[in-house]
Amino acid sequence: MKIKSFVFIGGDKRQLYAAKATQSEGYKVYICGFDKLNEDWGIEKCSIKNATELGDCFVLPMPLTKDGVSLNAPFSNESMLIKEMAASFAARRVFCSMKNKLTAMEPQWAGADIYDYSVREEFAIANAVPSAEGAIEVAMREYPGTVHGSRCLVAGFGRIGKVLAKMLNGLGAEVVVAARKRADLALIFALGYKSMEMSELIACPKPDLVFNTAPALIFGAKILAKVCRDAVVIDLASAPGGVDFDAAKRLGVRTIHALSLPGKVAPKSSGEIIKTTIFNMLEEDEQ
Amino acid sequence: MKIKSFVFIGGDKRQLYAAKATQSEGYKVYICGFDKLNEDWGIEKCSIKNATELGDCFVLPMPLTKDGVSLNAPFSNESMLIKEMAASFAARRVFCSMKNKLTAMEPQWAGADIYDYSVREEFAIANAVPSAEGAIEVAMREYPGTVHGSRCLVAGFGRIGKVLAKMLNGLGAEVVVAARKRADLALIFALGYKSMEMSELIACPKPDLVFNTAPALIFGAKILAKVCRDAVVIDLASAPGGVDFDAAKRLGVRTIHALSLPGKVAPKSSGEIIKTTIFNMLEEDEQ
Amino acid sequence: MKIKSFVFIGGDKRQLYAAKATQSEGYKVYICGFDKLNEDWGIEKCSIKNATELGDCFVLPMPLTKDGVSLNAPFSNESMLIKEMAASFAARRVFCSMKNKLTAMEPQWAGADIYDYSVREEFAIANAVPSAEGAIEVAMREYPGTVHGSRCLVAGFGRIGKVLAKMLNGLGAEVVVAARKRADLALIFALGYKSMEMSELIACPKPDLVFNTAPALIFGAKILAKVCRDAVVIDLASAPGGVDFDAAKRLGVRTIHALSLPGKVAPKSSGEIIKTTIFNMLEEDEQ
Amino acid sequence: MKIKSFVFIGGDKRQLYAAKATQSEGYKVYICGFDKLNEDWGIEKCSIKNATELGDCFVLPMPLTKDGVSLNAPFSNESMLIKEMAASFAARRVFCSMKNKLTAMEPQWAGADIYDYSVREEFAIANAVPSAEGAIEVAMREYPGTVHGSRCLVAGFGRIGKVLAKMLNGLGAEVVVAARKRADLALIFALGYKSMEMSELIACPKPDLVFNTAPALIFGAKILAKVCRDAVVIDLASAPGGVDFDAAKRLGVRTIHALSLPGKVAPKSSGEIIKTTIFNMLEEDEQ
């Protein structure tokens, strides 16, 4: 069956940008759960009742829910209960984040043809860009000097670390990246940054800015006291994060736990990434 | 005479950072006009009465004055009248910005040994860094997408244009620089950016972000309507600026006139630049 | 047992640089199989007979052998037979490349304590730097224009592709990277290059320079004829390579099969990478 | 008069590339003095006798002459005497390099409508790219390590210095630029490199690669001995250059005087730069 229409249900600006990007590919697009939206985005609205009639594909938001009961739909006047919606989507093509949560909340959702865009690797990699750029925006706002000429320590060389190191370097910062694996240390050097073993962090020359991207408690009291005392420490790792925030408070080290950056700092890019990932999944389906 | 002490009179955080950087070079440093400052910066305060006794060199702030009468001294409880101060500084070494304004306000100032750090070329060049970074911070805050992957138009390839193009490119943007002179166009290409003649701006493919660095009305109604309709336009040129703001309002083009960025976004770097420039002047004096 | 001395046996300049780098870490170092070496490298020579007495660690060259019988030892007057050497190294610590070949040639080698530095991941990653730089040197020599401003196509985004794309971009080329996996395509874009699906190579706008880094026959007659006709094509994939060289000849497409670049273009860096990898292995041993 | 045809007289491959680039703009193009050229460049040849009949514009080569008598015409069987040619070009539009030399050799040349492309600023700037890239090619060939990770000293921050620093940095080298003027030092830092005062060169940490771009004897015996002993020194300044080559020889410092790089390493780019400059001059003429 050739796909002709999409309904984007719930969500914030990201969802609107995803809808807009889909529309500009030539599809008929509806948004549902946006009755409080005042600006004109040039996209037709529909009610949840009509949604299943109108759409061939349905896109649930990122994140799926904030309260564990209703769809995350900040632009909707009424709350949209995830349990109640399930029945209407049986055998329909539904794109969502947090698929496991969805089916756990209401087993009937398993009857839908569900695709989780949020677990795709290219989705995570693409989101490293708004994450890294968001971290830099935070750094620019919080640090009284310029990023250019500052000494930056990036802990971790995964997706976000790779993009962040490149951007900081591109702004003219001196970049040191700490990692555990020898292969990562070799790659850090090969890509033009200074490398440092994570286990030797305590001996790191004092940085101006510290970015943690690793999902582990790396910045404990000792390292905070010895290395980060005069730095701005930005933790990008999801809760509980990689920084001992209590110790930091006690020591007077300035810390920011910067979470969910993509949606906050660049809803347009985030929405377009959702759209691209959905289209990748559709393309693979056809093959 | 060997210089031993400095008094920094008036000014904002920039002045404090300049004082701190001077102190860390081993000089005795005082700050005057900072009675409202609560944080402890580890720098001794003094009154304007004692200032001339304590110091060998005196540093007036950037900008010198905001009301044309008193020294720019936001941390001072009392207003410091520029006229009244003049007499005490006869034959003393005074570093200031806006020297012409100073001596115009009170001819007695001509009796001091005045050095204007704000007219030095290396001062202007060094400040291009916080200006460019400030412009990028504004862009990150205002533009709903990421700078990475965006199409950026930079008008002008002077000090700020050069640094800004490099930083935008370093973040992963597609950078087009518009300039008038053929030599500049050749340099733009040689340094790795796309170049475009200023006179052909009307034909520029639609950018996401526009940065004006040229001191001329480049973005008139026609170009705003044709090129910038969906862009965020950031004007870095000092008043009246390079954008027809009225036309922009009428056309619904989003514009930001971003002025005096260095002091606002990076007081630490700005202060250190003041300090470096003063030390350059002292060094030349000795030769 | 604390290691005090190393003997580097056979090999070319890489081996000499590895020996020198080891010596500058404070170890006693000997080189063996260098009787034809005229320059003074400041490293003591020894004979293969004395070698086992003098050394705690023994380093065989990269590559191990060229004729499958004797050690690769271009600076040695006599051929060093791998079979005959085996007995002397029983229970000794030997670092080599191509371990499998070694033990296949003479099972007695299995009695030695053998470490293969050439199979380590950090070794391969570190060698991506001289490989990529060597490829650029070839491009500069063969292409009549500048790399700056040229359109470069890089096929594959593995170790070499990542470093090569960065360097070409750093020189001011327009870089397009072709890859198969969606995650790689996302990373290519996130790191600031243009991405293209390998399967759509036929539609690639004509490049000036083509670099193949992928170990598969990607550049067959069709793509050579349609995309690469006016390009210089540099194949970095080991034999048989990724280019149909016969077709290229027939079509008049200029191709270079650039193999074993690290040892040729940067023996110093290559030798230092061998040394670093050996020291990594020793360090892990101690843990 | 609308220009329809060009004759390129004498010259090497640069001239051929300039001719080809002109032809691809839609003009009728002839080459003269290329009877020894065997390859087919798809450009019509003509004799010097027919030249003035066939062309509206005439392009003399870069350099104009090597022996001071005949045109620099390596692809010509017969020598083309500059004196004898003069008469035919009276009142014709002639583009050349070294205009002063031309009219000094034969005053009759003053009767032609002469444009010197070689003195234009955009010509010099554009040629900084092949010069810098040529210097890097030399460095890659001569230095046994990789440029990536090496410590590079660039003396001078003029046209070539600016482009060279950017490219070296883009390859992953650690770049220190030495300059005299404070404004240049500030710009060096603002663009992301380490800066150093020329007068303090003696204290420069030992570099691996040294590039001189300044037209002054900067690398005398003392600095060669103290700073450059283990470096490869590449001098890009025109004769006599900026290096004391005798002292270097005595001290055993490896030096390369790399002159006229654009024509040697990138005739295609060099030719295209000649063409672009000529077209700029024609465009200005029309205004």
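A few remarks follow.
Residue numbering begins at 1 within each chain, and the chains themselves are lettered A, B, C and D in the order written.
Keep this in mind: a contact is a pair of C-beta atoms (placed from the backbone, for glycine too) under 8 Å apart; a residue touches a chain by one contact, two chains touch by 3 or more.
Since the structure is predicted, the reported quantities are computational estimates derived from the model, not experimental observations.
Farthest chain from chain C, judged by C-alpha centroids: B. Between the two copies, chain A and chain B, the C-alpha superposition involves a rotation of 180 degrees in steps of 5.
Note on chain placement: the centre of chain B and the centre of chain D lie 38 Å apart, centres being C-alpha means.
The distance from the centre of chain A to the centre of chain D, with each centre set as the mean of the Cα atoms, comes to 50 Å. For chain A, residues that reach two or more other chains under the stated contact definition are 129, 148-149, 166, 172, 189-192. Chain D makes touch with chain A in their complex at residues 148-149, 172, 189-192. Looking at the complex, you find that chain A touches chain C at residues 120-123, 125-126, 128-129, 159, 162-163, 166, 182-183, 185-187, 189-192, 280.
Chain B meets chain A in the complex at residues 13, 17, 129-130, 133, 136-137, 140-141, 143-149, 166-167, 169-172, 265-269, 272.
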